[in-house]
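Here the chain labels run A, B and C in written order, and each chain numbers its own residues starting at 1.
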């Protein structure tokens, strides 16, 4: 019985550790992308992970690395930029997890700091040998398009997204 | 002694799990309210829970559900809106908890995204048979009114609010 | 073996508890500073802790307490102000920890709420007899100055800052 009890405690601990790891991964995204740490950003995803964002769909870690190194992204850093990612609500199911959160892109302009966009984020993560990695992050600007509230609802309920939820408008 | 040790570990685990559950509840509020998930929002509260916000006091889960379904709230969603809730500091005491955090309401306008309000949030939660629920959320805009800093202080110290702290100006 | 197993579980728990304590400390900063809780803010730091922020370097808990009590800070509170601190990514190493996060200073003005600054934050904390305390918080506005991305990268990698990283421009 004691062995069973120990195993049960260890499983509860493992769940908290998994959630801690996922929260830490998501909390590291903003600091890494705003410091231009291209390799580190790309390594948050699996090798064939996807970052599906409004205006583009980055397919694979190489494409994500290239986005961070792009002149457009480097320009945001040079001018001053915060990818401010909120606390995520995480739904863990074994080796699979769904997380949902808001994010703000705050940029420095000649008129001071402005919120360039507020975004709905749906994260699908999987446990790999080397730890948790993002399989697909789907982000949509909260500008009234219907898929943004849809992905918030799916994320809050711990559901994966179907193709319809990610439709480009 | 081993049984005692196991019980002590289990109690420490329980505390972390409770705090995780409360943080997840608070982190789910924004995604649920911005997706118009009226039933889910109302179920974060107890049946007679209160959402005491500047301009109105919603008394009971039914009133909270109706707020999410109201034309005014649906209009925010249709135009684009983020209820961005920050990480909460939680003070747990048995079956009772106080949490405090900031929130921003960021809305999409014809002139781009603007911060409509920055708000102080004081959460009082209780453990129910079905898990943690909000007994009272008290929110006041940080526009210089004195009860907003007061409720931040109370929340950071893990104190409940008295009627005075919630005075309407 | 059971004693070893119990000790191993306890160590894993201790780590989660440490990270919880550090996250709670950081989450309490905003509510405490926006409520003018000068003593409480200063007690987040060690007695000789440092708050190294762009325009000034506060050396010791007394200087931090005086900052909160200053007419300039009290003015922010009187007008309405949110020091909105994001979720931190924490790297724990025994009795030492590095945390990194963004923060927004949102202020109430005659033209409504505006983001006055978006800031990169690097926290160095140490375990004291009375719990975790800040040894040095280094904050730089994300306005294009190079040390701001540098300290985000250092924080995300769990590295301490050297003098160069903190250079004033």
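By our rule, a contact is a pair of C-beta atoms (placed from the backbone, for glycine too) under 8 Å apart; a residue touches a chain by one contact, two chains touch by 3 or more.
Not measured: the values here are computed from a predicted model.
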| item | value |
| --- | --- |
| Interface residue overlap between copies chain B and chain C, same or different (over half shared) | different |
| Fitted rotation between chain A and its twin chain B in degrees, CA, nearest 5 | 120 |
| Separation of mean Cα positions, chain C and chain B [Å, integer] | 23 |
| Touching two or more other chains - residues of chain B | 2, 6, 9, 13, 16, 86-88, 104, 114-115 |
| Footprint of chain B on chain A - complex, ascending | 2, 5-6, 9, 12-13, 16, 19, 86-90, 100-102, 104, 114-120, 141-145, 148-150, 152-153, 155-157 |
| Touching residues on chain C, where the partner in the complex is chain B | 2, 6, 9-10, 13, 16-17, 20, 23-24, 26-28, 30-32, 34-37, 40, 77-88, 104, 106, 108, 112-115 |
